[in-house]
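In what follows, a single structure is set out as structure tokens and then discussed.
Chains: A, B, C and D, in written order; residue numbering restarts at 1 for each.
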Amino acid sequence: MISGNSTETVNNVFLFILVIAIVLLISITFTMIYFVVKYNRKNNPAPENIESNLMLEITWIVVPTILVLAMFYYGWSGFRFMRTAPENAMTVKATGRMWSWQFEYENGRKDAELRVPLGKPVKLLITSADVIHGLYIPAFRIKEDAVPGMQTFLWFLPDRAGEYDLFCSEYCGTQHSSMVSKVIVIPQKDFDSWYTAVAVKKGSAHPQGVKLLEEKGCLDCHTTDGAIGVGPSFKGLFGRRVIVIAGGKEREVFADEAYLKKSILHPGADIVNGFTDIMPPQSDNMSEEEISEIINYLKELK
Amino acid sequence: MQGNNEPKSFYESGGPHKGILSWIFTTDHKRIGLLYLASLFIFFIVGAAFGLLMRLELIAPGKTIVTASTYNSFFTLHGVIMIFLFIIPGIPVSLGNFFLPLQIGARDVAFPRINLLSWWLYMTGGILALMSLFTGDGPPDTGWTFYAPYSIRTGTNVSLAVFAAFILGFSSILTGLNFVTTVHRLRAPGMSWFRMPLFVWSLYATAWVQVLATPILGITLLLIIIERFFGVGFFDPSKGGDPLLYQHLFWIYSHPAVYIMIVPAMGVVTEIIPVFARRTIFGYKAIAFSSIGIAAVGFFVWGHHMFTSGISDTSKAIFSLLTFLVAIPSGIKVFNWVASLYKGSIKVDTPLLFVISFVFLFCIGGLTGLINGTLATNIHIHGTHFIVAHFHYVMFGGTAFAFFAGLHYWFPKIFGRMYSEARAKFAWFFLFIGFNILYFPMFILGWQGMPRRYYDYLPMFHELNLISTIGSWILAAGLILMFINLVRSIKKGERAESNPWKGTTLEWTVPSPPPVENFEEIPVVTQGPYKYE
Amino acid sequence: MEETLYKSSETYRDYTGSKMGMWLFLFTEMLLFGGLFLLYAVYRFKHPVEFHAAAKGLDTTIGAVNTLILLTSSLTMALSISALQKGNKRLSLVLQFLTILLGAAFLGNKYMEWGAKIHHGVYPGSEHLLIKGKGEILFYGLYFVMTGIHGLHVLIGIGVLLFMLIFTIRGTIDFENFVKLENSGLYWHFVDIVWVFLFPLFYLIT
Amino acid sequence: MEQRQTGHAAVNYKTYILIWTALLALTAVTIAVTQFHMGGAGILIALLIASVKAALILYFFMHLRYEGRFFKLAFLLPIIVFIFFIGFTFLDVFYR
């Protein structure tokens, strides 16, 4: 069994340093102001020259040294705790991409939010599909960057049920601040039923397409209900006439399969009027089949 | 009120050129110092304007005044300008240029023409940085850290901004090698190492950091440009590169750079305290060596910016330990400053007022730096507004406050006039109050988890952000008052005598403003700098 | 050397000061290349085998010839200063000219070497290179960047030496006032030293 | 007078030619040594020889030998700093 969690660990270290810092700050400030008042020129016209005092100087070298070494040690041992994931931890793969998270569970289930069972340690294996992101869960005081081409990790003990914020903490481009998600801590029972259920969107002939849109983070910027998000809505897109800007010139195009495909693979080529070129290109990110699944689903969205 | 036999001040004899040319082609260190001062001021205003705009955007969640990509270029330009154009050159190139030769009893710096070249490079870099706003495909949006691989992939005008920073680095190197040589070669007879004013010591330590650290920045930025144009792949994992190496290279420079910012500021503080306490400095040698100590240890702690980046845990532990060692020489200085007030005969004029607030604000910034440097806590607060608060406290509350202190302190020497004391104190009040209202809430926001470089934030962070934005206006009012007072006094202030504060260092022995040649007769130094017998 | 100077800025000539400035500048150059050597060290550590394989693609003979050229140019550079100090202006001029020629020969050689590589499709970002192993991509990346920046330094050195040649002809540089030439020499030798390390690191990995 | 200020008298031609010969010889040795496949040791030897060559150039061609204490000591600074840079970076790379 593990004892303690990262929240407490970090809070304790923080409190320890904070108390020392406040005591130091107050005593320094107080002494300074006291001197300024006491030895004011009016009260004390004749200064006294004191060039040094060996004992005093040794004291204020030695005492801070001891203090900082204590801080270091305390911080380091807390850190070691945070870096040693328990054996029985549930592992979840977390992938950051511009600008969404994808969590993949051991059974292959993927989601954009992190759902974990209450009371069971979780180990996150983190990487990135494009640039550097940072996976940050303030409530559990943990954070680690998602670096492309590398795997990093985090672990935590979700010992309180509820929903907690999950941020991207490393600047990653235009929508960095909307790369937010949630950690949802639910009782084991609820988790199990969610975990084993197959995600099927009802009423769609192309459930695969829906799933892909979620997984790839498209729905962070696009909606399926006609509302304009960061990007244009998918609703009624297929077969519409779209005004795009290409190479600085306006042009009208017909949203057919070829156009959609191009828009997904190389969004920078035709920019929809009124939007900016911020959509991440999917050329390295999606297979042919995946794209056609998505397009099939888009056709459905009348 | 100059007597007939007094030599003409450096304002009156500008060398071979006339008018503006006598300034931009001057090799006189005093004129170059003033050129720099004016340019720094202009860039500071531009940077500050971005700061105010950012605060305005953050006044409420959601979009307030600008779009996300505009906001991103705001903090990038804000960071680039404040760091590379304001605070790194800052004190050394303006006050340092003006007073280093005067304080060591020299007629000029070792390489006057290189000094001028460095100003030209500075201006070139500055103008290029501003140009990156309006040219290319949109202003750069990487943050001042230019982290790869984002900085290589983004379509915005990063190359020009990076090139500007590269040139600014060059300018900084030239200043550094000039100062090292000046201190070694041009000290007046009798001015032994331990008779140098402590401001000179701090500039000397800084100059070495400039020489030894800046080239790493140079090559790193050059590599970004090469990557963008040729795609060599040094930082691109798909070609085998390692993005973390970029961060290593960047912080190898940029951590020492924070000591380029603070050490001269500490020098200014050390200069002012004994003058207004009318007593000698406490622990001269300890202060001199701690400048060198901070500069030296500062080279080996860069990894503390990368505790969550995925570097090895071994290196994290060592970098954290070394980070704490920097606190010790900083502490020595703080304690020595306080001790130098003991049994003095203190008059709290504006320079000392700024110095006292410096000590207070720097301690807050420094002590929270320890929270950053502690492994466990850093994990939580890295990349949040806690960090933003930390570095504004040390850079603005620290360096900039000391800069303002120095400006007031040396104002009569530079311009030959006094500023209005009452107005200066009034402005200080707004500055100090506004500063704390602006930045203190950020500590709390950061601890609550609000990430930095966020254009938009959750509603739970609203109140503190609102307070912070209001603080930014109070601070702006204070700054405007201060600048108006100073600028007005250049023409309208009372004439200043040559030594209004009764200082004991050499610059106070020459007329205000000083003559071109500084000293009619090179002085012979017979004692240490702070002798109030 | 610690006697300090305090003459008026217009009249003094501080030789030691000038050289000090030059050395400090060279320190910055050392660390500038240092950043690249750091990258080299890390990537070589990560991909030792691929680096070895890639290095076979470079021609040791060309590298060796270039080493010979640069070392010799360093000799002529050093000699030219001694010649000037001894008052033999003509010999000094000849030697300076030789140095420039050797520098140009080095660059010519480099040009051919690069040209051949590029002709074979090996250059940063080329398709031919990208299909190879990551270590090889990095090796050639480092090769082009490091020898490129080094070559740039040689080019700048040649430019500086051309000025020195003119100054010597005009007599601005003479046997009592040659610190400019000496400083240019320092720069030239420094560039040579960089090559002394580049040569084994790229051409001789076994 | 001038000599005192420049710090040293003209170095004679012979010294330079001798150093040059040594440099060429060392180059030959490096090439020869690295023809045997020695793996890690090869690079070490090559770098060692390169350092000796660099030292010769510094000491003689660059007149470090004839300069004052400042130059000799200051020169160590960038080297030490650089060694630390590499060392600390490897603390990460090696243990990652």
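Following the convention adopted for this analysis, a residue touches a chain if its C-beta (ideal position, glycine included) is under 8 Å from a C-beta of that chain, and two chains touch if they have at least 3 such contacts.
Remember, it's a predicted structure, so these values are computed and weren't measured experimentally.
K.L.:
Taking touch as defined above, what minimum step count separates chain A and chain C?
P.N.:
Minimum step count, chain A to chain C: 2.
K.L.:
Sort out for me whether A-B or B-D is joined by the greater number of C-beta contact pairs.
P.N.:
By number of C-beta pairs in contact, A-B is the larger.
K.L.:
How big is the gap, in whole Å, between where the Cα atoms of chain B centre and where those of chain C centre?
P.N.:
The answer is 35 Å.
K.L.:
Need the CA-centroid distance for the pair chain A / chain B, whole Å please.
P.N.:
32
K.L.:
Go ahead and note the Å separation of the Cα centroids belonging to chain A and chain D.
P.N.:
For chain A versus chain D, the centre distance works out to 48 Å.
K.L.:
Of all residues in chain D, which are in touch with two or more distinct other chains?
P.N.:
70, 77-78, 81, 85, 89, 93-94
K.L.:
Which chain C residues sit where two or more other chains touch them?
P.N.:
Within chain C, residues 2, 14, 16, 20, 24, 27, 30-31, 34, 38, 42, 46 contact more than one other chain.
K.L.:
Residues touching two or more other chains, restricted to chain B: which are they?
P.N.:
Residue numbers touching two or more other chains: 184, 212, 216, 242, 244-245, 248, 252, 310, 313.
K.L.:
Please list each pair of chains that are touching.
P.N.:
Every pair of chains meeting the touch criterion: A-B, B-C, B-D, C-D.
K.L.:
Hey, which residues of chain D end up touching chain C in the complex?
P.N.:
2, 5-7, 9-13, 16-17, 19-20, 23-24, 27, 30-31, 34-39, 42-43, 46-47, 49-50, 53-54, 57-58, 60-63, 67-71, 74-75, 77-79, 81-82, 85-86, 89-90, 93-94
K.L.:
Please give the residue numbers of chain D that touch chain B in the complex, ascending.
P.N.:
These residues of chain D touch chain B: 70, 77-78, 81, 84-85, 88-89, 91-96.
K.L.:
Using the touch rule from the top, collect the residues of chain B that touch chain A in their complex.
P.N.:
My answer: residues 67-69, 72, 141-143, 147, 149-150, 153-155, 237-238, 242-244, 277-280, 282-284, 286, 308-310, 313, 316-317, 320-321, 324-325, 327-328, 331-332, 334-335, 338-339, 341-348, 356, 359-360, 363-364, 367-368, 370-371, 373-380, 382-384, 447-449, 451, 453-458, 532-533.
K.L.:
Can you tell me which positions in chain C touch chain D when the two form their complex?
P.N.:
1-2, 13-16, 19-20, 23-24, 27, 30-31, 34, 37-38, 41-42, 45-46, 60, 64, 67-68, 71-72, 74-75, 77-79, 81-82, 85-86, 176, 178-179, 182, 185-186, 189-190, 192-193, 196-197, 199-201, 204-206
K.L.:
Any idea which chain C residues touch chain B in the complex?
P.N.:
Its residues touching chain B are 2, 4-6, 8-9, 14, 16-17, 20-21, 24-25, 27-36, 38-39, 42-43, 46-47, 124-125, 130, 133-135, 137-138, 141-142, 144-145, 149.
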